[in-house]
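Got a structure here, written out as structure tokens. Questions coming.
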Amino acid sequence: MNDLEPQAVLSWVERFITRIDDQVQELTELDRRSGDGDFGTNMVTALSRAKAKFSPAPADAGAPFSSLSTAFLEHSGGTSGPLFGMWFREFALAGEGSPAFSTALLADAARNGVATVRRLGSASVGDRTMVDAMAPAADALAEAVEDDVPAARALRLAAEAARAGADSTSSIIARRGRASYVGEAALGAPDPGAVAVALFFESAG
Amino acid sequence: MNDLEPQAVLSWVERFITRIDDQVQELTELDRRSGDGDFGTNMVTALSRAKAKFSPAPADAGAPFSSLSTAFLEHSGGTSGPLFGMWFREFALAGEGSPAFSTALLADAARNGVATVRRLGSASVGDRTMVDAMAPAADALAEAVEDDVPAARALRLAAEAARAGADSTSSIIARRGRASYVGEAALGAPDPGAVAVALFFESAG
Amino acid sequence: MAAHQLVNDPQELVGEALEGLELSQRGRLRWNRDPSFVIRADDRRPYKVGVLSGGGSGHEPLHTGFVGYGMLDAAVPGAVFASPTAIQIQAATEAVDDGRGVVHVVKNYTGDVLNFTIAAEISGAIRIETVLVDDDLATDTSVEGGPGRRGTAAVVAVEKICGAAAERGADLSTVAALGRRVAGNARTMSLALRACTHPGQSVPSFDLEVGQVEFGVGIHGERGVRKIPVAPADELVAALTGPVADDLGLNRGDAVFVIVNGLGSTHQLELLAAYRQVTRLLDARGVTVARQLVGSYVTALDMAGCSVTLIRADEELVGLWDDPVRTAALTW
Amino acid sequence: MAAHQLVNDPQELVGEALEGLELSQRGRLRWNRDPSFVIRADDRRPYKVGVLSGGGSGHEPLHTGFVGYGMLDAAVPGAVFASPTAIQIQAATEAVDDGRGVVHVVKNYTGDVLNFTIAAEISGAIRIETVLVDDDLATDTSVEGGPGRRGTAAVVAVEKICGAAAERGADLSTVAALGRRVAGNARTMSLALRACTHPGQSVPSFDLEVGQVEFGVGIHGERGVRKIPVAPADELVAALTGPVADDLGLNRGDAVFVIVNGLGSTHQLELLAAYRQVTRLLDARGVTVARQLVGSYVTALDMAGCSVTLIRADEELVGLWDDPVRTAALTW
């Protein structure tokens, strides 16, 4: 059994925050190419608020995600804030009352998460949004459940899928979000929201 | 008996209107030197309204002045409008119900008129205002009553006094009205309100 | 064609607006076209003292927006920034007189005073009491025989209190005395952040350099008494409030009416934030706010800026302030 | 330091204004600081449907100025021109719910819709109905899957009608259906004569050349759909009113609510004169004005310009419109 216990989830989320902090310039630059250049700041503001909310001893596996979700929903800077808030909320709900995240719980969270984001943002795969990283990660986790892959390895597979999805956005002309206003001008660089999703899964291990 | 009957009063007032119309440029120029340059327009606007109000057969000696007064009070462009309105009102009241203006009635009108203007404008003789022509004209008419001078000749004496008063304003530094803002700059030219008063009495015969 | 203005012939603006006012207040206001005045068209309590005000246009909602139950019986609008005529005022006075007399609420400007005075003189049998409003501290120059302080935002409170007293059935001298008590205990200070632009003009009535504030302005687009550097709002509001409170000699335990008034294009967000600062400054002096108005009530066309008015309040005045009022611009 | 603005730290402006609002409406409004929302503090009839709205700040008096008896139970303000957060909306929703559910009145902007939707989802057991207001004809581009028409001045009428119905005791679906009927029958067109300046900025959000009017603007300082030459007010007002009346398919005998709304620094004189022209244009079409609002209700900071809103009226809606309302910015 190598399911992720609350403490491990907390570490994961903390590593994610650090990664985003490190890459704030690059993310901002990506949003400048395709949007309005506030993505990095929006992320960092929400995440720094999340840090203040973490309990050092999370009650269940979902608790760190719950803090993360609330921080995004409370901050809501731009489009990404509430969407990430609702995405992480599915992770919180999946882990609620559980002593650890199994591969199956992670797959549930990712499936529900991407469904919520797609519904709220009316975005499909291929629209050059965070969904382009969320969807393949969810698929990878679903497959991992089928294949009985343990959680840690399942997350590495999800990270690979998310990164590939994020990379694919470099060659997509956006149809949703602010990037849709700039069209071809954004080609050649990935969507910042999708990159953030890849960074999230990559922070797991 | 050569008192002024209603028809003669009407002719007097009509000649006054014509004189002002003829001199609108000069009056405006005088107000430009010492005030804001709207005196000529203010006068002409009120007087053209008065014309429309005249009855061809005035009911009493005061009636033409009543139309004149109302036109000034209705128009009120600037300071001179209401003051002339109230000045002519005293002429209307003096002639009200009378078949003709005697020297005594004219003296009453002029005395009450200048008193009203002085009270309303808080101006004294020597302040460089219309009062500087109104007051000597009123004094001349009062003297004419003493001397039993008939109305037509009394008005010529009043005109001479008003003109002298108006001329005297050329060397006065204003203490009332807009001219008080420009001080010495107005020296050398008379006060337009005082000139208009002289023109009024000069139009009588 | 004028910049940033919605005008036809600038000469027609006031008449068109009065027509629009009448149309938008059908059954509540009537515009008498000639002579021009705006009068209550609702069921006015008979045999009450009339309360009348007026002055130049361009200060809306003042005065026409305050005609109605519990405030003015009629308002007499002049051209933009120009006094109404004596004949207009006389006609409106006659229209509102029930035999108990009429209070004239007059802002202290030479033209207004002259025309209201003349109107009172030619209104013959009607008993008239004049309440002169002269709250503008910026013009408190104490020049012997000078025109005295200008009348600005305090006029709203005078109209409200006189209107309430008249509605209660008070007699002429009582209504006038209350108005004078309000006016005598009111002081205002104003500043401009941008001058106003006259209808049909394309440039503002004066230039302000970047970083400058015109301190001590009136409500006719004229310059103020001095320029001061732009500063954070709280400092500017303190610069307005301090002298006003000092001049009224406010002491710990005193209560005041507060009017934070926008001069035209200053946003409600800014006025509300300014009001917050006024309350803090008064708190620090131990002075309490009895009642307040925060909004653009006495404007100078589209001038950017605001004024702070303080009026010493007492129980009787607070009671009258709280009486119901139903006008286009003030209702409670 | 910013030009012609009364601001401290621009980031603090909204909070300072909310503090000022609460202070100036003591006993009538309460500002919940965190999460931020403004809620009625008067004696609210228990067990009624809640009516809630919100959106970016800078549009005052919208929405906070409409909280009170007969209109909104609470308003949720975001930063200037930015949506409030889902958590704010959720907290306000919980605060106003009596168990009979809450109507969310939402102007159609991506951020607002997203956050109100999320708030509704995370509000769990509370029954919520959303009324989307999308009256801005300038954005009626019928792009498949596009964001649709923006919500502008018609939101005032939606809030008034929903508030009245809720006050009468109507149930959740009835209040929402009435709101949707108003929104669905409302169209607005706006023009700017000068752009607005964001708090702390010294230049307007866009430049307008002399002699140009920005036609089809929204309420966030963005450019409009095209530039047209400056023209006399009556022509500009006709250019706004015609398309709106056409799009609603108004016919002889129809009745409408009219809102002539100032965008910030356009003077009441201009708005009243504009309203007069709207009535003339409607007269010529045989359309009658049932009720009207003329004033600055939905502003875009200090933008100069105005909008014309027409809303198809019927007897039931007129009855609800006439119901009493007591808020900071609208009272009858």
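Brief remarks on what is shown
Residue numbering begins at 1 within each chain, and the chains themselves are lettered A, B, C and D in the order written.
Everything that follows uses one rule, which is that a residue touches a chain if its C-beta (ideal position, glycine included) is under 8 Å from a C-beta of that chain, and two chains touch if they have at least 3 such contacts.
Protein names from UniProt, one per chain: A, B = Dihydroxyacetone kinase subunit DhaL; C, D = Dihydroxyacetone kinase subunit DhaK.
In this text the structure is predicted, and so the values were computed from the model without any measurement.
Touching chain C and chain D together: no chain. Taking the mean Cα position of each chain as its centre, B sits at the greatest distance from chain D.
Chain centres here are Cα means. That of chain A falls 89 Å from that of chain B.
With each centre defined as the average position of its C-alpha atoms, the distance from chain B to chain C rounds to 35 Å. Separation between the centroids of chain B and chain D, computed from CA atoms only, is 58 Å. Residues of chain C in contact with at least two other chains: none.
Chain pairs that touch one another, listed by label: A-D, B-C, C-D.
Of all residues in chain A, only 70, 73-79, 81-83, 85-86, 89, 120-122 touch chain D in the complex they form.
Residues 1-9, 13-14, 16-21, 23-24, 57-58, 60-61, 65, 193-194, 199, 202, 208, 210-211, 230-234, 236-237, 264-277, 279, 289, 292, 294, 299, 301-302, 304-306, 326, 331-332 of chain C are the ones that touch chain D when the two sit in their complex. Residues of chain C that touch chain B in their complex: 35, 83-88, 110-111, 114-115, 117-118, 121-122, 145.
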